[in-house]
Each structure stands twice: as C-alpha cells, then as structure tokens.
C-alpha cells in the first residue's frame, strides 16, 4: 500500500512541478524546446537528488511512468498557455507550493524507509521539496525563491515537523500525509498572502 | 567492440567539450586556474550526471584516461589561444555541437545497455549532451545555450529519434551512430546559420 | 585511526563551511530560513558530490553527526551575527580557505582509499574543496570565487601536490595533512593579501 501511495503522490508532484517549470519558462521567455528542459529539470531534479543521496535507484530511470507524467503535464500546459496566454502568477506559486509539499512528504517517507532517523528524514524532505525549484530558478537566472525571505524552506521544515509529530503520536498514515501537506501549503501561501517574513538577523533589511 | 567505440567516442567528446569550456572561460575572462575548472566541469559534467542517474561507476573515476584527455585538451587549447588570441566564436559553437552530438549517442547507448527502454534512453542522451554545457554557462553567468531558442536540446532529441529509427530498422551499428551524429550537428549548426527557432508559444517575443 | 582523523577533520570542515555560508547569506541579505539552506548546501555540497562520484554512501546520510555539526555551526554563527553585525569580510575568506583546505585533504584521502590513483585523487580533493563554495556562490548570484583569478582551485591543487610529495617520501601521516593544509591556506590567503594572480592567457585583462 505504501508503494501505491508513493507512486501516486510522486506522479502528482512531478506533474505539478512540470507545470510550474513550464509557466516560469514561458514567463522568462525561454526559447523553443528550452521550456521542456526547464520543466523536466524542475519536475525531476529534487527527486533525483534525493535518490542519489539515499543511494537508491533514481525514480524516473527505474520507472518510465514518471517521464510520461512529466511530458504529458508539459504538453498540456503548453497547449493551455497557447490559448490562454495570460496566466496569473498566483497559479504558478500555488502549483509550486503544492508540488513542494508533496515532494517534502515523499522525501521524508523514502528516507524513513531507508532507516535514516528523523533529523536526516526532515532534511531530505526539504531537499527534495526545494531543489527542483532551486535548479529551475538558477537556470532561468531568477532570484531563487528559497532566498527571498517569504517562508519557503521553513514551510517545508514545518510540514516535516507536523509529519514527525503525528507519526510519533501514532496517527493513521493518511493523517500524517494530509497534516504535513496542509501545513506546508498553508504556511507557504499564507506567507505570500500576508507577507510573513521570519527575521533571523536583526539590524538589516532583507531582499524583497 | 561496443566497449571500444564507447571509449573512443567518449574520449573525443570529452576533449571537444574541454576545448569549448576553455574557449568560453577565455571569452568570459575567467581568471587563472578557473579556466581549468570551467573546462573540466564542461567536459565531465554531463557524463558524470548520466552515470550517477544510471547507477553506474562514474566514467572518469573508473578510468583515468578521461582525465588525461580532458587535461591534455585544456593545455593544448590554452597554448593555442596564447598564440592565436582571436578565436572565432564559430569554432566554439561547432565544438560544442559536435561534443553534444557525441555525448548524446554515448548517453543513449549506455542507457540502452542498462535496459531502460527507448524513452528513458533518449532523455538520458539529451541530458548527457546538454548538461556539461549548461553547468558551464551557469558558472560563467551566461544565458544558458539551452534557453536561447535556437535548436539545442531539440537537436539532441532529433538525433536521438534518428538513432532510434535506424536501430529499429536494423541498420548496422556504425550507421546508427553516424546518422544521429549528422542529424544533431546539422540541426544545431543549421539553426545557428539560418536562425531556425521553433515557436512553442504563439503570442510572445522570445529572448534573442 | 584513519577513520577518527577523517571524522574529526570532516566535522571541522563542515562547520567552517557552514559558518562561511551563513556569513555570505547574511552579506547578500538572503531572507529568513534561506540562510540555513545556503549554509547547509555550502557545508554538505562538496562532500556529497565526492561521495556520489566515488560511489560511496553520502557522509551526512550515513552519519547524522555531520548534520548536528552543520546546524550547530549555523545557529552559533547566526547568534554571533545578531550581536556583532559588523563581521569583517576577512573572516569569511579565512574560514572559506581553511574549510577548502580540510575538504581537499579529506577528498584526496577518501579517493586514495578507494584506490583511484593520485591523478584522480587530486582532482577529487579539489572538487571536494571548491564545489560547496561554488554552489553557494551560484545560488547567491555571486561571481564564483573560483572564477576570480586569485589562487583558489590552484591553491587546492598545490596542496594536493604537497600531500602527494610528502606521501611518496614516506612522511608520517600527520605531516602529510599539516603540509597540505598549510600549503593550501598559505597560497589562498597570500594570493588575497599580496594579490597574486596567475596569468594563463597573455593579452587580456581579467575579471577583478
């Protein structure tokens, strides 16, 4: 059962990130097929890094379904943009937040199955959640979202802590997933909406 | 025999990319030894990523010949530039195209030997072909070639499709290689020469 | 014994790089939790790449001590900066140099234990030494130190050659380490202080 959950969550996460990569590529006016490269790297980057670090077979090399999901999501969103070229930036941010929340959970789970302990699992979840988007932003020469000061990596970490708490309390599996998902997406979107910005250092202004 | 082909193609591809990295480093006025770093990363980056994703030993760690080839190509091209400082950008683009075409083939082959199926093999070929140059461009703070809108990743994919077609038709091994090589280099250089630009989205101007 | 040396050197190197990443994140006004991401990537990036290339288990996934060391170093340096916000750039450069020198040695050793031969070992040492900082600079959109023309990668290589020479002469283990450490840090800091710049190409001005 766990395997099925994994598979479906991973497929959805990959598709969400693929769409977010396509939208950013469109926004940044990336030319031609470069959009497919940006979108694929966004969709597959975080999970590939996770699997390499955990010394597991890389998910999309082991199972071509993930490539089908990625390419299908890219082609559908390209078709969509051709007919509705004025996509609001809000959808990009929401897709990115949900994709990040899903990958966060998959990363934590896969790490726990590898018996790494909770500290490494939460680090791995955050790594999986943020790296696809980070590589996307670096390639597109954007200021990486993770550097911007709105909750991003911290939303992942908070989601991971919710997961760990529910898991330790013995909550059913589905509640651990839903709790972590909700916490991550709520914190991320709330931070964007109400402009929450954790101040780690005192006396300085932060990048907008 | 296949192993020999691999070895020779890989050695040549590595040398071509090492020269292209040296030229870009020179062009971007990278200081001192940084040129060697840029050139090595260009030469070894794509193939290292391929081997990691395929869960194979990384080629240049398993066999020092590739490092000799890389360093020799770098030192020769540095010596060359010292005496002929006005290298045309055309050579950089040609070297990059041939290196990409060679790595594309090596990536596809290595992937097929690992029994991944054709879809993953073509993705892996393109990954191998474009990633060395992509990392080079990111480090040098250039707009990545892959984002520019002239055929680049699409030339790789087209070369991969030619390979797959010839392979399926039962063409001799050497023709699969030559056909894919020719298709990739022709599309890439033709796109630069005649300014072919695939338009995926309609209503927007693309980055030049 | 070798294992203990490794462990301690690695823990110190990780902490030094974590502090250097925190300082750069502060300097570049990275917002909120992004500082922790930058610092962690700096601390763990070079060693992770080394372990992946050598096909070894990634050090911080195999042993949570490295994460404790990283996070402790980050929190201490954040606390320090809150009360002493005017940190001189000199400390950043020194920490970066010592971290690089330590990772250089660890990379060479781990590579030699994997029986790769000296050429690959020195390449691997330099890779380990410079990649954490390189990823940090790319994420923070800085000109990477390695591109700047002051000795950086070359200081690593020189440290590696000192290690190889002492090792070949049969010097005691501790002298190999101290010799390589001293050579790398001295060359790096000397280059910054006296503005040593190797000129590989003749007729051009370099990036400052």
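Chains here go by letter, A, B and C, matching the order in which they are written, and residues are numbered from 1 within each.
In this text, a residue touches a chain if its C-beta (ideal position, glycine included) is under 8 Å from a C-beta of that chain, and two chains touch if they have at least 3 such contacts.
Note that the coordinates shown come from a computational prediction; the quantities given were computed from them, not determined experimentally.
> Can you give the rotation angle that fits chain A onto its twin chain C by Cα atoms, in degrees and rounded to the nearest 5?
Here the rotation carrying chain A onto chain C measures out at 120 degrees.
> Pick same or different for copies chain B and chain C, depending on whether their interface residues overlap by over half.
Different-residue interface.
> Give, as an integer number of Å, the spacing between the C-alpha centres of chain C and chain B.
Those two chain centres are 29 Å apart.
> Would you mind listing the residues of chain B that make contact with two or more other chains?
52, 138
> Give the list of chain A residues in touch with chain C in this complex.
52-55, 116-117, 119-120, 123-124, 126, 130, 134, 138, 143-144, 146-154, 157, 197-207
> Please give the residue numbers of chain B that touch chain C in the complex, ascending.
Against chain C, the touching part of chain B is residues 26, 28-38, 40, 48, 52, 57-58, 60-61, 64, 67-68, 78, 81-82, 85, 138-141.
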